[in-house]
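Next come two complexes built around chain A: one with chain B, the other with chain C.
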Partner chain A sequence: MTVVTDRGDSSARRPAPSPAPRRMGGRAGRARLAPLLLVAPFALLLLATVLVPIGYALYLSLFTERLSGLGFSGPEDVFVWLSNYGAVLSDPAFAESVWNVARYALVHVPLMLGAALVLALLLDGAVVWLRQVWSLAVFLPYAVPGVIAGLVWAYLFSPGIGPLNDVLPWDPLGSEGVLPSIVTMATWQWMGYNMIIFYTALRTVPRDVLEAARIDGAGPVRTALSVKVPIIRPTIFVALVFTVIGSLQLFTEPLVLRSFTGSVTSTWTPSLYVYEAAFITNDYGRAAAASLLLALACAVLSALVMRLSTRRSG
Partner chain B sequence: MVLDTGWSRRAFLRATLGAAALGAGGATLSGCSSSTTASGATRVRIWSWLTGMDRYVAAFNAAQREVHVELSVIAAGLDGGYAQQTNAIRARNAPDILHVEYQGLIQVLATGGLRDITDDMSDLAEGYSDAAWRGVRPDGRTWAVPMDLAPMVFYYRADLFDRHGIAVPRTWDEFRVAAEAVREADPAARLTTFPLNDGSFFAGMSWQAGQPWWRIDGDTWVVDVDGEGTLRTGSYWQDLISSDLVGSGGTGTQDWIASMHEGRLWGLLGASWSVGTLQKSIPDDTGRWAVTTMPTWGGEPANGMQGGTAFGVSEDSQVPEAAMTFLRWLSTDPEVPRIGATFTSPFPGYLPNREVARDEVGLDYFVGDPVFDVLEEADRRVPEWTWGPNALGLFSNITDSFGGVPAGRTTIPDALRRVQGVALSGLRERGLSARAGGAA
Partner chain C sequence: MNGAHRNGSRWTSRSAVHVVLVLATLYSVLPLVWLVTSSTKSLGDFSTTGAFELGEWNLGTNVGDLLAEEDGVFLHWAVNSLLYAGVGALLGALICSACGYAIAKLDFPGRRALFAVTLTGVLVPTTALALPLYLLASELRIVDTFWAVFIPLLTNPFGVYLARAYAEAAIPGELLEASRMDGAGELRTFFTVALPLMRPGVVTILLFQFVGIWNNFFLPLVMLTDPKLFPITLGLYQWSSRVTQFPSYTPLVITGSLLAVVPLIVAFVVLQRQWRSGLAAGSVK
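Then we have the complex of A and B:
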């Protein structure tokens, strides 16, 4: 976000906007300098906040702390090649955490994006009264900080305090019930946000296209499915990528629920696994390896989804 | 661009919890690097999550001009405090004084961040209770200064016990009888809850059986989480939980406070600090609760501890003498329990201070035996115990493994055998020599 703003700023500040490239020494030099200047803020931030940390994590992941004797003399860093990766990949706790987010994503992604799309289409299609109020109301959960929302939900789920325990068809804090509970929490939080994205995209659908569809005899449902959705498909895929990545990185909701139920283990999701390895077991090498694997999985998955989107629309 | 905003914000929210500890650490680090203040006093930095530490520090700074202590309050140990301290030790910018509990001492020690203070402390040996002194000397060297002690005791609703003619249980057999009597007197009530989500609580309950989870044998760690005494403890509670005689939910939650106040829980397996918890969470219950020593296995007087604070001096500290000056004051000066008594009920590890606390703390909240008598008896009953270099990680392993117990997917003894395996292989992976206790 900041990157985008910075780039805008520096282009506004550019001293002499040259309309067309001319073959003149000084100008050409400046023109060659300009792209570098424009790219610099982004490149620096990328370097400092993404590439350097990833490089450091890579470095950490190749070492492990070895104690000797009883361990009272403190640890020594030992180079271990890729054995931290081996340890993570062969750890049943890590496999279980991946399985948990996979099940979570399988329910959460279609449910949340589907509901957001339906709401956006309704908002866009029907003559809705108080459109602003509606969209604000659905969007509001996104404005609640994740931890606060988690606590509120946890209290709602708690037997004896919250009402949901008696109403829901599943035991919200039981070993089988935490997954649907977490899906509920996340869907509540992210639906409105994605609805706004879809709605914004829908507003850009050319009105003449819609008019043409109506003249051809398409009803509102047909228009929505055959005209609007295909036009905003790129937006849907972008939202899909973000949601898939967000699902892989699931952290806040299970962490908060953990203090309310024993059903969420300390390694329930890959992100929790990393947190546990780094900050409870003090195994920085394994934590770095697991977080790089997680980053890799995110990259591969988003590349896959993007690929899918271009093939479909192409 | 809207998407970009959302994404970075989402990532930010996700990372908030993890980053909080690091951020707080960074903020305190940038403060000061010089070792003296403007007025020439030696500057000592301390990180702590002890309730009321700000008042102790203020009193110390007001009382003398040689040493100026600067306190940074950090998150409680397992909620991020240990993570923050461990990171700082690794980054070689730890404060001069670190907050450790007896249970976390060895794990912090294994980061190489603590200074050997055997010589600085040798003259105080006689003053501390045995359990406190043993707790800071795992290998015959002194690594921390004891602050308070947390022997485990049993709190119960004296009024309800009297009304229904239930005898206060002295042994665990009697405890089961009492649990049945409570359920009979009020089907909605249980004698207590056995919090399965608290590994350090379970460790304290197992401590009583007299078989430490860790032992040092020469250069080898002997791990014994599935020893006979621990398994007996585990089977006993498994039976009570599956017979629906006790609950298994956590303590300290809103739900728990409501249950305690409304008579749905008639007892608490607690520690010395539960005195403060009860007074704070259910202040209207004055005159209802009494405290007694933990029930025992067959009359053998013993009970464990849960928690208890000590402070270590950082290996990298430039001002270890000044740090020790403050810590000796904090641990042994009678002014400290006097201050502490104004907002909590301290149970110091230093025996002369315990007498001060006994006189200062007002405990008209409780009925029955005087609270300090019970706590002191409990302190004397604490058997030998050694914590290991993976104690804190083990607590979260235990919590994870016990997760399936309420639903019947596993039993406590099975879970303990699993934890033992993980603990042993974990130590070996870190390069320590370790073997199972049963093989000895």
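Then we have the complex of A and C:
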């Protein structure tokens, strides 16, 4: 463990070869120290709560706990190369959790971001009464903690209590209906937040560009699609990255629903799988391997999205 | 004729726009309305009256029951949430602003590397960190203490990213030069010149970090077992998991949820101008 800590430490505070800033006299030392003082608290936090834990997870994922010999001396950590990763990848429960989260993301991401974008364009472009009021109202669910959002919707979905059970075309707490229900909850929570982000970006579109489009005879829809959306593309892609990463980590909503329905298993998403392996089964090696696979998936997907964003605009 | 037709279609499209907005608003607000109406009902009315109707006014009793449950543990949770989120956001926003400012405006060894690592930090899923953080905390013997939740939630890489953008946009280099010429040290320049200029940005970081910590659930779930240390989210989750067996927890969970949500909604409504302009400044890179 100490090895990993040292490695994390040196990589974060690697002395850079760049020349010291040119300053004169005895103040040079102080002037060089000051930026480091401003940076130090965050750098230390980043080191202690992100870099070291990641390194530690890497270490954990390569070991497993086994009873040695006749089991008299208690369990000990054995180096097992990548076999924890193998165990996770060949576990049908993990595959199912990945399948669930993939289906969830495929529906939630385009639905939520699409709705947010349409609403932002309407607020920005159309003649709308009470613009501030609409945008604030749609934004409010963002202020509701995930646990509470989960509880409120769970009650709304519950037969006999909430009205939705009779209205929705799917059985909201049934084994097939739970996925669209979670999409409904998550879209509710994030649509307004992303709408505000998009709307804020749309406000920065130069007015003379819009004027030029109008003179060229472009209608509001045309202007929105071929002038405004391309200009706020970077914002859209950043939102896309965050939404994809957030979707892969889906945890709170299904966990809360577990108290209301048996349709959500204890390993329903990869995050639940990690939680179960780590804190219920206490299989740290497997949990660490699964969590790093999840982190890897996040990294790969966000790199892919960013690649897509630069290629199309280039 | 033509003009009338155009007016007509404009009127239709205008109505269509408002229909869409009304639908989006209903979707967003109705669950919150349900939370309000439900927390005014007794357990009996809860299952017999319509979801959005008011039953007999029972909010006072519900709040009383909530505060009395388990010797007033809900108040502990509220105070804990305020401490985790309030102190955490204040301190976190200051730490982010200092770091973002230094990255934007000062020259120091490792500046680029630090920013690159910070950006990667934004993308690291919290799920991947929970287990190692828990094991590290148990080695430091701080599992099931205030610090196990407080310290990791101070780290806000996205806040640093925003602070850097604000500092770059809002602080003219000449002003810093002038302050240095006056003989002010770098730290003093940060606190007296840079920080006030970054204020809308700092308020935005503070507010969003407050919400982030207030709404956080995974870390307390992993770190805490003593109910006296729980934040509201974890406490309500624990009660909600008993609801199927003990329906009497339902009014407690619902009223508690309402009380947990109201302060945040009020904060967002009151500070509207601040965070809207802060987000705008952050989106202009």
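Throughout what follows, the second predicted complex is superposed on the first by the 261 of 314 C-alpha atoms of A that agree within 3 Å, B and C clash if a C-alpha of one lies under 4 Å from a C-alpha of the other, contacts with A are read in each partner's own complex, and residues count from 1 in each chain.
To be clear about the criterion, contacts are C-beta pairs under 8 Å (C-beta built on N, C-alpha and C of every residue); 3 or more make two chains touch, one makes a residue touch a chain.
On a predicted model such as this, the values are computed, not experimentally measured, just so you know.
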Partner chain in contact with A:Ile161 - chain B first, chain C second, else both or neither: both
First (chain B), second (chain C), both or neither touched by A:Pro75: first
First (chain B), second (chain C), both or neither touched by A:Ser175: first
Touched partner set for A:Pro35, first chain B, second chain C, both or neither: second
First (chain B), second (chain C), both or neither touched by A:Gln249: both
Partner chain in contact with A:Leu140 - chain B first, chain C second, else both or neither: second
Partner chain(s) touched by A:Ser266 [first = chain B, second = chain C, both, neither]: first
Per-residue touch tally on chain A - higher for chain B or for chain C: C
Contacts of A:Met191 with chain B and chain C, given as first, second, both or neither: second
Touched partner set for A:Ala278, first chain B, second chain C, both or neither: both
On chain A, positions contacted by chain B and by chain C: 145-147, 155, 160-161, 196-197, 200, 249, 251-252, 255, 259-260, 271, 275, 278-279, 284
Contact footprint of chain C on chain A as seen in their complex: 12-16, 18, 20-21, 30-32, 34-39, 41-43, 45-46, 48-54, 56-57, 60, 115, 118-119, 122-123, 126-129, 132, 134, 136-149, 151-156, 160-163, 188, 191-192, 196-197, 200-201, 203-204, 234-235, 241, 245, 248-249, 251-252, 255-256, 258-260, 270-271, 274-275, 278-279, 284, 287-288, 291-292, 294-295, 298-299, 302
Chain A to chain B touching residues, read off their complex: 1, 3-4, 64-75, 78, 87, 145-147, 155, 158-161, 174-176, 193, 196-197, 200, 238-239, 242, 246, 249, 251-252, 255, 259-267, 271, 275-276, 278-284
Chain A-facing residues of chain C, complex: 13-14, 17-18, 20-21, 24-25, 27-29, 31-32, 34-35, 38, 46-47, 50-52, 95-96, 98-99, 101-103, 106-114, 117-118, 121, 123-136, 151-152, 154-155, 157, 160, 185-187, 190, 211, 214-215, 217-218, 222, 232-234, 236-237, 240-241, 243-244, 253-254, 257, 260-261, 264-265, 267-269, 272, 276, 279-280, 283-285
Sites on chain B touched by chain A in the complex: 1-8, 10-11, 13-18, 21, 78, 80, 82-83, 86-87, 90, 106-107, 109-113, 138-139, 196-197, 216, 219, 221, 250, 253-255, 258-259, 315, 389-390, 392-393, 396-397, 399-400, 402-407, 409, 426, 429-433
